[in-house]
Amino acid sequence: MAPGMVKTCAIFFFTLLFSLPLGLIFTFLHTSKNRVISGIMHFIISVLRGTPLMLQLIAVNFGPWYLFGIETIREKLIPVVIAFSINYAAYFSEIYRGGIESIPVGQYEGATVLGYSKAQTFFRIILPQVVKTILPSVTNEIITLVKDTSLASTLSYAEIFLLSQQYSNTIQQFTPLLVAGVFYYVFNLVVTVVMSRVEKKMSYYKI
Amino acid sequence: MAPGMVKTCAIFFFTLLFSLPLGLIFTFLHTSKNRVISGIMHFIISVLRGTPLMLQLIAVNFGPWYLFGIETIREKLIPVVIAFSINYAAYFSEIYRGGIESIPVGQYEGATVLGYSKAQTFFRIILPQVVKTILPSVTNEIITLVKDTSLASTLSYAEIFLLSQQYSNTIQQFTPLLVAGVFYYVFNLVVTVVMSRVEKKMSYYKI
Amino acid sequence: MSILSMSNIKKSFGDNNVLKDISLEVNKGEVVSIIGPSGGGKSTLLRCATLLETIDGGCLKYNGIPVTHTNESGKIVYEKNLNQFRKIFGLVFQNFNLFPHFSVLKNVIDAPVNVLKKTKEEAIEEALALLKKMGLEGKENMYPCDLSGGMQQRVSIVRALAMNPDILFFDEPTSALDPELTGEVLKVIKQLADDKMTMVIVTHEMAFAKAVSDRILFIDKGLVVEEGTPAELFDDTKNDRTKQFLMNYNNI
Amino acid sequence: MSILSMSNIKKSFGDNNVLKDISLEVNKGEVVSIIGPSGGGKSTLLRCATLLETIDGGCLKYNGIPVTHTNESGKIVYEKNLNQFRKIFGLVFQNFNLFPHFSVLKNVIDAPVNVLKKTKEEAIEEALALLKKMGLEGKENMYPCDLSGGMQQRVSIVRALAMNPDILFFDEPTSALDPELTGEVLKVIKQLADDKMTMVIVTHEMAFAKAVSDRILFIDKGLVVEEGTPAELFDDTKNDRTKQFLMNYNNI
Amino acid sequence: GKKDVKLKIINEELGAEYYGIAFRKGDEETCKYIDAAVQELVKNGEYKKIADKKDYKDIVGNLMFLAEDYKAKEYDVDITNAEKRTFTIGIDPEYPPFSYMGDDGKYTGFDIDVCQAACDLLGWEMKVFTVDWDSKLLQLDAKECDCIWSGMTIMDSMKEQDYVISEPYYYNTQVLVVKEGKGIKSSKDLKDKVVAVQKGTSGASLLDDDLKSLKKTFKEVKTFKSFLVCFTELESGGVDAVFVDYPVAKSYVAKKNK
């Protein structure tokens, strides 16, 4: 089942890699002053958050074919990572938005009075504080992501859940699924430990 | 696909019905002064939160058979609701715990000095305030629950996702899945509206 | 007989000996103020008196009845039924600790009804009278969040009074208030003093302490540094630490 | 020529006319205090002066240069480049608004380096000198959360001073502080006054306002009710509203 | 474009096999009753009536040629005197014409019709239970249903594991479905190509077993949960061929190429 683990990890890392920055772009669009842009983004985010990821996986996989007759991609890691990244970006963008809104207006005012530009204010003063405040929520999402990787089995992407299910049907025993369960649990323990290290690293100051 | 919608709603309502109070029991056990009890509860909660619900569904369904040779139940609503309720109780219990911890110690002290008993303090003073503070988190979980009902398809429980998948085989088109997507989205809109009504109802006071 | 008697009270948090040896007697109708620098142990003393903290040494009595006794091995043991003592005193907190989900009236009557088992009618009648006296007429159905800090504090005083205590403790009742709102709360406490309510008040309002108290304790580093009537303490300060502290207040 | 000149300033929030018609000139080296009841518009006035709020009427000038002008249709138009004016003034907030993720030193030097484009060395040198002067020597590497309120407020004063402003605004710089910590901040402001720093101070500390100001404005309901030297205002109060307000402070 | 895609079946009679009904280990009794009841249906012509239903016949043609074998058998049970019970038939609802979801949303199909008729004879109450095809035998073990009767291929492994298997009632082969115009004429042309199978089907296990050497020539075998996904992958270019039961292939290709 080792190749399954590797493939699960691949979903995990690529999804984080793409969804974290994509989420920030979503946030910018969502909080844009242009009503049309922010309205569309609001709808997209609500659909992404309001429908099962399983469905979104199928939609990303077959959507291009149904809508435009574009051939589907054979390497299923690609549609899997696309669907996951878009879905998770929606969640992250809501976390970012909450984080940004939680920064007291005094921080903006303090920076404005000192003559900081808008970009300087955002990247020097606001964002570093946002990162700290949203860490616990981000950790929660990452843990959910670890578990959600099992949904990639829908597209026959041979991650650990699919492999262990097939294997347990072959040997007519539960053990492979149990192994998969332990794998997810340990993976999440690692995530928790790493993230609490990061949180500790950021705890040199309090807000 | 109407019977599928009814069955999805059944999972939804029964899960809420059982997991909300069960979560409170989990919280009590988890915050118990008895180290053994709280340790065990801590582990159980971390496993429930750390492994995919799909796996837990399979475990609840086949576990009794594998471990004790007990016949599995044919009415799949039962194992589905059991697995969902236990899983969601773990999430709710963490929300409750956070909510209880967020109540300022002054509220306990205020009640103690006035001579309230422990039970009176919890049920008259603390719990009503906890309910208010945790509402947004509970709403989030409920939205996740709506989407998670699709996982019941793992046990061939004919909820809307499975039915629409089966029906798309009959008509050899993916349209039923789209209908399912709209169903989930609308369901979640309803949840959001209802919960924001409830929140508004509780907003007669601020903490 | 004194209502409150604390003798040789000791209290540590870990290695931090917050109260080293403090004794305090309060007689019926007396108003005692406690002043002193931050971290000196004033709040801790009040919390020990109101059974929110357990003492490590000494003896605590209400109306002559011991709340604690020292067992053979020198440990402090509390009485079983502490609620009988909680009926004797009331405490007004620095940040009010009103119950935000209850209306003003419910805040005041909830304990009398549920703890003292008064009838609701009786409790309401008494509550309305007290609220009126404290200038809160017509606010019964408002919620704490809709009141100014000064009003909230007055409600919390009414809440304590509604339990009909023999003695009332205040822990910096005005320090969470806007300066202009401070006056209204102090006026209410003064009124209680005029009514001969027995009170122990921790405060940073020197002028107020001077005006209202029968006796003032200056506490620093867990000890009573100086004690006396307002005149003795303010105008004839003996201790250097006290002098320095009072100067800090006067030179602004 | 006056550093700050505000003439006939008007400002509303919706239907709420917070500033009705306020004029204020501040000359070099002058210390002006603004007192008045809560909600009177003191903070709003300061926020208009520091460009945190836009005015609805009147004219704002720094060093004689207009920041706003009124266009043909009677609307207020602000200059394009507002940052040139932001270099002229500094603002010390009620709750400090230090940047929590920066050390004390970084809080002070970040704007000089990134806004004024000073070299880091120069900025550090000046910062250390200022920190020393304000009694914050050795605290450079601490984070705001590890400092007492009084120290935080002094750091925020240093942060403002490091931008080398011609005029410094304070909005109730001590009202978020514990009473005993108030003194240290007031001492620092006094020291700045002695150094002939031009300052506008909104405060509730009457004794302090009296001691430090060249001129005091009493503002209520968006208007200057009374204005004068401390002696004129405190000892020879003319207006009834002012009298009533000052009484509230004196009778505690 | 999407519309131009035409599919074709390559029938090399790979893995000739029989359909049968699987019962729980040791449950010979039930098997006998069902076999005897089916025999009676064949004899009285009921079976043929069902087999001749247009919906079924159009897809698979002759459903009768193994049915005649039933007539010769002897069963020592009295079907007119069976004990009353409920009989739960386990089906895969995505397997037309044997078992599938009808346009009215009800489960239907040849197997279900025959089962209903048999139960009527026996005086049993029939219930339909949908299994996860991948873990159907587990579910049978765990008594979630009393049989798997859903176009199920009889495999040697089932007999080895002591599942009770009925008389075979249908002869079947696995076929390959490919896109027209891609130059694939036989299984040999699938060298280094990607082939899809449905999870838990006999096609999937054949590739791991008798057809191992053929599988080795493929680039990859992908398993999907449903046939629809397999075929959609084929049409949209995700895979080059689908390895599937003949009736399924026939029904899908017929609809598609219409």
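Going in written order, the chains are labelled A, B, C, D and E, and every chain counts its residues from 1.
We take it that a residue touches a chain if its C-beta (ideal position, glycine included) is under 8 Å from a C-beta of that chain, and two chains touch if they have at least 3 such contacts.
The shown structure was predicted, so the numbers you read here are calculated from the model rather than taken from an experiment.
Using CA-based centroids throughout, the chain positioned farthest away from chain D is E.
Chain centres here are Cα averages; for chain A and chain D they lie 45 Å apart. Centroids of chain B and chain D (each the mean of its C-alpha atoms) stand 52 Å apart. Each chain gets a centre from the mean of its Cα atoms; for chain A and chain E, those two points are 41 Å apart. Chain D and chain E have CA centres that are 84 Å apart. Among all residues of chain A, those that touch two or more other chains are 58, 62, 66. Shared interface positions of chain E, defined as residues touching 2 or more other chains, are 138, 232.
Pairwise, the chains that make contact are A-B, A-D, A-E, B-C, B-E, C-D.
If you check the complex, the residues on chain B that touch chain A are 46-47, 49-55, 58-59, 62-63, 66, 143, 146-148, 150-151, 161, 174, 177, 180-181, 184-185, 188-189.
For chain A in complex with chain D, the residues that touch the partner chain are 104, 106-107, 109-117, 120, 124-125, 128-129, 132, 204-207. Of all the residues in chain A, the ones that touch chain E in their complex are 58, 61-62, 64-66, 69-74, 76, 154-156, 162, 165-166, 169, 172. Considering their complex, residues 50-52, 83, 86-87, 89-91, 93, 95, 97-101, 110-111, 114-116, 143-145, 159, 163 of chain D touch chain A. Remark: chain E residues 1-2, 134-135, 137-138, 161, 194, 196, 199-200, 222-225, 229, 232-233, 235-239 touch chain A in the complex.
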